[in-house]
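See the structures that follow.
What follows is a pair of complexes built around chain A, which joins chain B in one and chain C in the other.
On to the complex of A and B.
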């Protein structure tokens, strides 16, 4: 397993380099930071001085080489805006996103498992039709629209929930509900589909012929077989949540990595943007490795070959 | 199921009424009467199994013989209570040791699944759950029915693996189904079915997916287990040779109906239904080299348009007007078994029956 992990980590290195180069190049297309950070009446000399101080006068390739050198020394540069260490800013914002995404995914997976299994018990039954309609709707509603409607109804009209911020448990409700809907809808359909096919397998019939009751058949025999597709999709959706967090965090003023990215793009705060994107990319690679290990736990057939052959 | 419930249900003896110890040889363990199974399809409900009747006796093998799609596997699943959701038990009785399984709710049937009745499938790879070790799956019956803990169940599973001849059971018990060969997987499947020493073992084409040498080993294992436990075995097969070698009695199925039944030796030497006769004649064993192989012309009817008269009318060389008008019932045929052959303490041999208007004249064809 350790050999497998090392292989996976090494094979993630190249995509990470591509991510760094891509973000580095794209960020510089947004324009020169000098025009944002200096007063409108700044002289050409002041501009040149600002540009030279931050190294923006160097050729792009030299800048990139400097940056890579920094990354290898875990030095991600300073924020133009605050002068703080960029990596520290990204790391400080990350837990807020992680909490939001993790809570959302745990809730989405649990709800989807219950609803999906319930629907799969009787394909085309009433439960199946209801859950199919609900999950389809949930997967199709755009999150920014839902967020705004949610704020309008529950925060402004009814006044039950705060419009934004992180004060208290009630502040979590709208962001989680907004983020939850799509993963829930997609996962219900995946769980339902893989449970229907798992439940029609001969080994399910055989389990029944041994006297296994309905609950045991569903939770013990079918669910573990149906879990792999759900795990794959849940992983993808978690990645999507980090992207969705950009929208939702901006709308709800959630101080996470998504809001940090948007702010640093708007401010041409290159070092912070790069650090935030790199951190997100590392998190996504880590997530993928976790998912692969999850497969191996669920199903011996995909376990990397170890001592026992 | 409703029809059966309206009839006077057989007394619910359950497991309590059965004397302990192995069943006495030749006792009737299973009696199937007028079994009918419907399938709900997009084109309406079709009857896939119709008026199926047979008996299985302790320590004996009853072969359910028929070609693909004749309803023999569906009969097996109906007996075991594991039909597909689109199938309904429409009529009939499945009397296992005095209890009519057909009137029980699915939950009540679970008590019988394992201790009274076990089933072996054709394809052991798909019949074993790929994500659990064989030990877990072998032990499950003990955990469900005897409430054993994990350690006790594992010990029982190792014993079972020894019983069915799997080498090194102590180390193999933690292997997964895909780590076994086809023959070993079939042994595991059989071990699961006999785990709780059931009275009845249903074997649904247990050797079809295996190569010939392994087939013989598996049949030998089934025979050994049948004798040890005095089980009644219902062997589902399309292989006439297997029937001749392994079975004591046979029920021949065609288009969902039992068309002929009786002791194998009598049915095979003196068939009383034109379909049985046609099947036996198509065996190439006694042909001259280069001679034309015999076959039955035509193919079985679609389930959607089974004719109203005899199910075999479109392929039968003896067909008459009455065959198109009236479906022949399965009725006793042939001379009764001589009383001197019957030992006083055993039950009489299964009677011969055939569903043909002209079963008496068949010899003249």
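On to the complex of A and C.
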């Protein structure tokens, strides 16, 4: 178990390092960073001052060491727009995104488990049709458009829900419904598929022949074994949820990390963008580790094989 | 045995021209040709026709309606759709400057396609060749390639796009590059898996025994077998890339005005949602129709190019739902 985890942590850390180095390289590749950080109408004197103050006149290796030191100390410099600490801004925006993503993921997994099991038990039934339709929709409907249709119908035409903001429970409905579509559509097919194959295994026959009720067969015997692939995919989907969160937060004015990123791009605020991107990368790294641990705990068949490999 | 199938598949995939070109290749053994199979399936036929129509619109539409799309006429500003009272060009309504929605949608279709098609093509070619090469040679080449794919995949594609498009200005070329880069691992993984399995088969062994070089074996024996799978994947990927471009344009870091793409049009129409809903809704409908058509066609192609499954298509079709693509998890 420990060997397995260490192996997974090492392989998950690689993307993180690539991201950190990549952000540094990208920022330096464009030539003089002064043109990246400073407004377009900055004078030559401002540029020189900026270059000297931030140590951009030093050799590249020194700059790189400074940069890594800054990353370790969570020091990304200050926001050009507000003058606040960039890392603090990113950390402040983080919980809002986390709440949104966690709620969506929990709902998506629960819904997918219920509808997916139901669909597997009754092929061609109502649940089966719903799951097919939703997964088709998830693959075809752009989330930003779905959000706008939602605003148009429920906020403007019917006036039931607010168009944006975070005030009250009703503000959560549209963002979560928009975010929910894709994970739910993918997960429900995975659950359905793995439940269909789990239900045809011999141990299910054994459980049935020993007189286990249908509910117990599904929840205790089939689902336990069918859940592992769903968990892996759920992890991948959570990474993808960051994409959706950027769009949804921008549309609904949700003060999360996605909105912060887009705002900092549009306002050319590189320090904040850098802090937000690296924070997200760390969060994804942590999430991958958690998923691997959950996967190993859930399915006994995974552990010995992967540990030895 | 798959190679005669690849050509017609390629023709339909490109959605460029008449799917009928594949008809003559396949007549032997009395098998149903791909084209005849397509005609038997109503949903797949409709999807193929739709894609061809949209493709043709993107190809020649802007030449016919380019001027109309930029012509402003404040007398006809914000006209509601579905009315012929103001002439055919305002049948889908007009925006706040009195430009025809229909013409703008047509012009935007070219931008959308000219980003999505090259991005898919670049990712397909690089990812497939790389993956086939890695899978054929196994060993360290495979390991290194898979690690690189993991690194790219474990990072949300939008974040990568955000950083790169911040540093380099958002132009159509950069968007194509970044979308291709983030989608290469998909082909890389699929091609590697298939090619790793193929390289231990007898016919590859036979070619090796004859002294054929690795590159020749890959080109003549491995790629023709892998190609149908990869082309089907590319059809699905077309949807993904189109949606990604729309998202980027919607967020303001994709296609920049005065160019228009469907995603950008949704974004521009957003502020008029209360007064002129059609400005946002119609471009979205265009995106959804195109992606659904490509999805249905990809689902059909996957069965049609699989010799073990093709018989299913010669049965009378009962329900569309039975064959909706079970999409692979794509973060």
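In the analysis below, the second predicted complex is superposed on the first by the 238 of 309 C-alpha atoms of A that agree within 3 Å, B and C clash if a C-alpha of one lies under 4 Å from a C-alpha of the other, contacts with A are read in each partner's own complex, and residues count from 1 in each chain.
The definition used in the following text is that a residue touches a chain if its C-beta (ideal position, glycine included) is under 8 Å from a C-beta of that chain, and two chains touch if they have at least 3 such contacts.
Keep in mind it's a predicted model, so treat the numbers as computed, not measured.
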Looking at the overlay, what does A:266 touch: chain B (first), chain C (second), both, or neither?
-> second
Is A:193 contacted by the first partner chain B, the second partner chain C, both or neither?
-> second
Partner chain(s) touched by A:134 [first = chain B, second = chain C, both, neither] | neither
For A:145, decide between first (touching chain B), second (touching chain C), both and neither.
-> second
Answer with first, second, both or neither: which of chain B and chain C does A:111 touch in the superposed model?
-> neither
Classify the contacts of A:209 with the two partner chains as first (chain B alone), second (chain C alone), both, or neither.
-> first
Looking at chain A, does chain B or chain C touch a larger number of its residues?
-> C
Which chain A residues lie in the overlap of the chain B contact set and the chain C contact set?
-> none
Of all residues in chain C, those that touch chain A in their complex | 147, 150-151, 154-159, 162-168, 236, 239, 243, 246-247, 250-253, 263, 266-267, 270, 273-274, 277, 280-281, 283-284, 287-288, 291-292, 295, 319, 321, 324-327, 329-331
Contacts from chain A onto chain B in the complex sit at residues 122-123, 200-203, 205-213, 216, 221, 224-225, 298-301
Listed in rising order, chain B residues that touch chain A in their complex are 77, 80-82, 84-85, 107, 110-115, 117-119, 121, 123, 126-133, 140-141, 144-145, 176, 178, 189, 192-193, 195
Would you pull the chain A residues touching chain C in the complex into a rising list?
-> 11-12, 14-15, 18-19, 22-23, 26-27, 29-30, 36, 124, 128-129, 132-133, 135-136, 138-145, 148-149, 151-152, 156, 185-186, 189-190, 193, 233, 236-237, 239-240, 242-243, 246-247, 250-251, 261-262, 265-266, 268, 270, 273, 277, 280-281, 284, 288
